[in-house]
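Questions regarding the structure given below will be posed in turn.
Every chain is named by a letter (A, B, C, D, E and F) in the order it is written, and numbering of its residues begins at 1.
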Amino acid sequence: MIVGESTWEEIRDFDKEAVCLIPTGSLEQHGPHLPLFTDTLLSTGVAHRAHAERPTKSLLYPGIWLGCSSHHMSFAGTATASIATYSAVLTEVIECAMAHGFRKFFVVNGHGGNTEPNGTTLRELKRSYPNHVFAHCGYFSLIAADGLATIMQGPLKTIRHACEAEASMMMYLHPELVREARLRDDQLGMSPAAPSGLNYIQTFDEITEMGSSGYATLATREKGEQLIGLAVEGVVQAIDHIFAGYVMEDVRPS
Amino acid sequence: MIVGESTWEEIRDFDKEAVCLIPTGSLEQHGPHLPLFTDTLLSTGVAHRAHAERPTKSLLYPGIWLGCSSHHMSFAGTATASIATYSAVLTEVIECAMAHGFRKFFVVNGHGGNTEPNGTTLRELKRSYPNHVFAHCGYFSLIAADGLATIMQGPLKTIRHACEAEASMMMYLHPELVREARLRDDQLGMSPAAPSGLNYIQTFDEITEMGSSGYATLATREKGEQLIGLAVEGVVQAIDHIFAGYVMEDVRPS
Amino acid sequence: MIVGESTWEEIRDFDKEAVCLIPTGSLEQHGPHLPLFTDTLLSTGVAHRAHAERPTKSLLYPGIWLGCSSHHMSFAGTATASIATYSAVLTEVIECAMAHGFRKFFVVNGHGGNTEPNGTTLRELKRSYPNHVFAHCGYFSLIAADGLATIMQGPLKTIRHACEAEASMMMYLHPELVREARLRDDQLGMSPAAPSGLNYIQTFDEITEMGSSGYATLATREKGEQLIGLAVEGVVQAIDHIFAGYVMEDVRPS
Amino acid sequence: MIVGESTWEEIRDFDKEAVCLIPTGSLEQHGPHLPLFTDTLLSTGVAHRAHAERPTKSLLYPGIWLGCSSHHMSFAGTATASIATYSAVLTEVIECAMAHGFRKFFVVNGHGGNTEPNGTTLRELKRSYPNHVFAHCGYFSLIAADGLATIMQGPLKTIRHACEAEASMMMYLHPELVREARLRDDQLGMSPAAPSGLNYIQTFDEITEMGSSGYATLATREKGEQLIGLAVEGVVQAIDHIFAGYVMEDVRPS
Amino acid sequence: MIVGESTWEEIRDFDKEAVCLIPTGSLEQHGPHLPLFTDTLLSTGVAHRAHAERPTKSLLYPGIWLGCSSHHMSFAGTATASIATYSAVLTEVIECAMAHGFRKFFVVNGHGGNTEPNGTTLRELKRSYPNHVFAHCGYFSLIAADGLATIMQGPLKTIRHACEAEASMMMYLHPELVREARLRDDQLGMSPAAPSGLNYIQTFDEITEMGSSGYATLATREKGEQLIGLAVEGVVQAIDHIFAGYVMEDVRPS
Amino acid sequence: MIVGESTWEEIRDFDKEAVCLIPTGSLEQHGPHLPLFTDTLLSTGVAHRAHAERPTKSLLYPGIWLGCSSHHMSFAGTATASIATYSAVLTEVIECAMAHGFRKFFVVNGHGGNTEPNGTTLRELKRSYPNHVFAHCGYFSLIAADGLATIMQGPLKTIRHACEAEASMMMYLHPELVREARLRDDQLGMSPAAPSGLNYIQTFDEITEMGSSGYATLATREKGEQLIGLAVEGVVQAIDHIFAGYVMEDVRPS
């Protein structure tokens, strides 16, 4: 069921074991070739398709489009929430659903900058509601690494920012919003390379020339269709897993 | 320009005197006949049409759909922000636009429960940024009372909640989301009547039977088209006024 | 009962159905002719008189004098709370009264800048305490429009700021604090006029020359006495209404 | 100058070296014999008299009556701010005065429960505004110990709560509010006595029988007049000291 | 039991009537002769020794070393919490202990700047948990004034900051951290002297020349040993008192 | 330089390009065999050794021991900060160092639950201070995967919680705190397994039997020495990298 399109009576009568599916995105620069709403369009697009495959097992929420994008603020049009505000929005949406009886929450994220805040927010919720189920992921994390490596032609085999993968998916879902003439590869590396395992906090004006990271010139609609397909498949499997429940069992070798 | 569909370079090059148009709505029950996203669909629908008439004078933001709806929380599916969180979201969106040079902000609201929070939020912003321009309204407030009275057939001549007017506008903009068979009049009055000028804080489970307030059974697509037309016209005039600027002058009778 | 003049035993033994009457005001500039405490003196003055007529039905609190006055901060002596702080004060006063068993709250406001914050604060309280009664108004809103129009001689027939009405009421209640020699009309209008229904956020240094808005030179003690009388009468009726309680009933035409 | 009775022009023209005098009190139970507003009436009464002696050197603010009284909340009618809210109110009042050019602040407190919050609040302000002057005291701390010991007849020689001293001062300043027939001694001691220097946090329902602490039956109007006189004298000297300024100099024995 | 050195099972099985002993300190300048961790080393040193004497009656927490030191921020290396953050840390540590069944809390402070925040924090906790026991002190307050006066040779008979007493105690507990060649007396006095009972908020760059306050050149290891001994003795007595409990009884002369 | 052992003059004169090294840990259950302070002891132990190798390039802070451990709160003795409080502490420590001129910050973490909060906190700092350098890691992340796989004998080749690796490192650094007789393997797995890339939020009472996760019975002092050696080496390299600085350069294949 799509919450925004439903009436309150329909939600009242809906299966309370259903998984509340909450897409998160951003309004943030995506280089010279993709629009600011890219992350939101991709996460909501994936979530919408996954929900369509599991309409009775999931309750689809509107996308939370104001993400944590401070590292992109040097580029015009970007909007960012403080992490506290982002966390408050996600918390309050979930607590309202709880007030009506729902118990299983799945945040489907489309923006890397939201990953940590999604984790911290859900951890605080888990502290308050230990018997509820909270799960989250980037939709891009559900695409298996080997499948991804096969699809991506460029030297980078992970999904970055306004890259070969994101540009491809936008070509598939929203071709009218891709500036094909402006597609651009952009990739800066740290010199000397950072020790493995060390995380530097950097802004995108520091680590790119024009705001994208990856090999967008290699993007095609076909790759986008494949990637979206894999992501949707992953979200559907996740919905099934969360819906069915799990047990924890001893896995020590005997 | 539509911010979500633009690239950062396009925003960077856009007229900084343009009016940032920010629709606000809700995810809240609208009786047995209208969907939870009604307010968001109406405010973004009106704002989108107004922007289309003034594409170079306005910058259209995505709708802020998590409104202040605590008075509807007894009805399933409703989500509400605390007023502090709602205010933080609106503030941070505006401050980000300021960081990129914009100076004129116009919040087009579709939900009565947001009116006070929009006012208090913009007042705090005005305190910090006294030289910027902040304006807000309900799109419904821009429809002149006499026009409205002519269109509305029922005994209530103002736009309420899931009423004759809102149901009509939804029939025009999103007919597939209106449960026509479930259209219902709902109207409770206080007995004895409250003294004029006294405001009681009440929840919608207290003041309605099924969540709507007004004469939705009188709704028609035609009325909806008229109302949307008047609202769009009002927003366009407001954009023109904000864009052009104003002066304050002595109006004492001489 | 006046809470500040009572002992704890007297409050403990007082009727818990009584209406807690909380006046709100400001410490803010009122032009060259009225003192900074004007709003507080008027709201507490009205509330005091109303309470005196209903001493067993109401519990009078001291006036909350630090209001939301950021739009007056360009004028010396003005103090303003942030909206969050104002809201916290009002919330905490009310929650303390609840801790001792009171259930009915009525905020009698004397400053326009507090109207929205009073609304948002009480709405958040209603969310937490749905079975309690919360009401608020400007004392000035309880004066019927036709009565007001008869009393006011100037071209403006509403109560503004340091205007004909406020100056008159101060002449009646605190004549020693009115600078009669400095009474001044002050009124700026927007050109071109804002579209009807559009709210601009403006500061008082923008919309007045010297800080007042209206025709204070027309003020008289007699008008003040009439206005205070009508306001007190309105507050008394409101106390009676809140004290007695109400029911909601179907008002659809049959 | 009394800020509430002044116009903004008068404040604008007033000496910016003047000491902003901010009384703090409470709305809190004072036993069976004194009213809930006792602390506020005493601190504002003392401050008012001291200001009257130094009208050009001090700017008198209205009393902040919502104090930190959580330890009295078991007694009906008491209202308390959280410490965060109390601190916000005091901070915002002071910052507004700073916005108009004032630089010297003196909080005259009438309630022991505010002492620590006054200290912490002013310390945070000092951090932000290192070149401004912040001072505070209980008005009761300005009465020299020997003078106090002479005046107080009971076995306790310090000013406590609704005690011989406070009851006496109320008899002098507000005799109509003292319930003479209800005057009561109340004093509980810890057994075994706490080690010297160890502070237990206790509520007043724990440490008294009826809410007062001391020998109120010994109160007289004459003692009250003496105590008020000494307190006013102390506040006047403090105003003079703050107004004149000081230097720090080496005091090591040579 | 030392909480950091224990396992969760050991804490689970420990006496829930035990006193949770929480040392608080600072990371703040202590003149040219003592290290920044002085307060933390002294409070944790005293607490550790006291705990060793009462291992079954007390549960020793790690020292909270980030204190309220904004008045020392002009001196390099000092770190300070805002008062709100300091209070949050102390509150959360205590509430976690409550979650596991402990009910008696004793904050042993080593830094004057924490005294007020310890008081306000514990008062808010007492409001929420009226049946729990909260006590606090500076370890230095438990040294009797007469004993202190005998030990201290310099003209100041109270423990100040990086003074004769603190330098002596550091010589005893951490001689390797005392810069003996840099020991320095430092003492500025206000001229003219402030009226007794009036508190000025001052920073240490204002009231000292080099950051210490007192006669550190008189420090000796022997004095330090005596002072530490008295402080430990005081903390042990306090633990015994808190552990045993107390009653309140009527102490009025009959 | 070790900040806690230094005087303010020494910090004032220290190289401002030095890397501020801030260890973060926890006070949280570590199974039946390790003490609650394990994470803090390990992160501060590693940081201390690394600092000793680079005493002029790094400034070592005391460990922040109150971590984000809400997922361990079912086990006695655990203390957790809310994420907001944890973030405030880390932010304020860093901002104080900035106030004295330092510009490079490196958080060396010993507790997995702090990883996301360290990231979000430093990202907010980077937003405010874009020209400063912020880096963080788990000390355990600096141990190369292949080295780790060689050292770990059990079926798990990553560092978990009170596992083979942590128990080994504690045997090396603090053997007296390891309950060797209580060493225990503990490992629960989800059934059916979660889809790869999906993160469930779980508490440790849900995912373990007794609080540890891994094969602690395989722990040895020798493994601990090797692991600590590798971690220290990694932190030293990270200090060198941060101290020396880096440039970003084009890495697109030509």
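In this text, contacts are C-beta pairs under 8 Å (C-beta built on N, C-alpha and C of every residue); 3 or more make two chains touch, one makes a residue touch a chain.
Since the structure is predicted, the reported quantities are computational estimates derived from the model, not experimental observations.
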Statement: A correct list of chains touching both chain D and chain E reads none
Message: Using the touch definition from the top, how many steps at minimum link chain C to chain E?
response: 2
- prompt: Of all chains present, which has the mean Cα position farthest from that of chain F?
  reply: C
Task: Would you kindly state whether over half or under half of the residue numbers at the chain A/chain B interface are used by both copies, giving same or different?
output: same
Message: Quick check for the class: compute each chain's Cα centroid; which one is farthest from the centroid of chain D?
response: A
- prompt: Comparing residue numbers, which of A-B, E-F or A-F shares more than half of the contact pairs of D-E?
  reply: A-F
Message: Between chain B and chain D, what distance separates the C-alpha centroids? Give it in angstrom.
response: 49
- request: Please compute the C-alpha centroid of chain A, do the same for chain D, then give the distance between them in whole Å.
  value: 56
Statement: The distance between the C-alpha centres of chain B and chain C, rounded to whole Å, is 27
- prompt: If you look at chain C, which of its residues touch at least two other chains?
  reply: 73, 80, 82, 84
Query: Mapping chain-to-chain touches, which pattern fits: line, ring, star, complete or other?
result: ring
Field: chain C to chain B touching residues, read off their complex
entry: 68, 70-71, 73, 80, 82-84, 113, 116-117, 119-120, 122-127, 130, 133-138, 141-144, 155, 185-192, 194-203, 206-207, 209, 215, 234, 237-238, 241, 244, 246-253
Field: Residues of chain E that touch chain F when the two form their complex
entry: 3-12, 27, 29-37, 40, 61-62, 64-66, 73, 75-82, 84-85, 88-89, 92-93, 96-97, 99-101, 177, 179, 182, 211
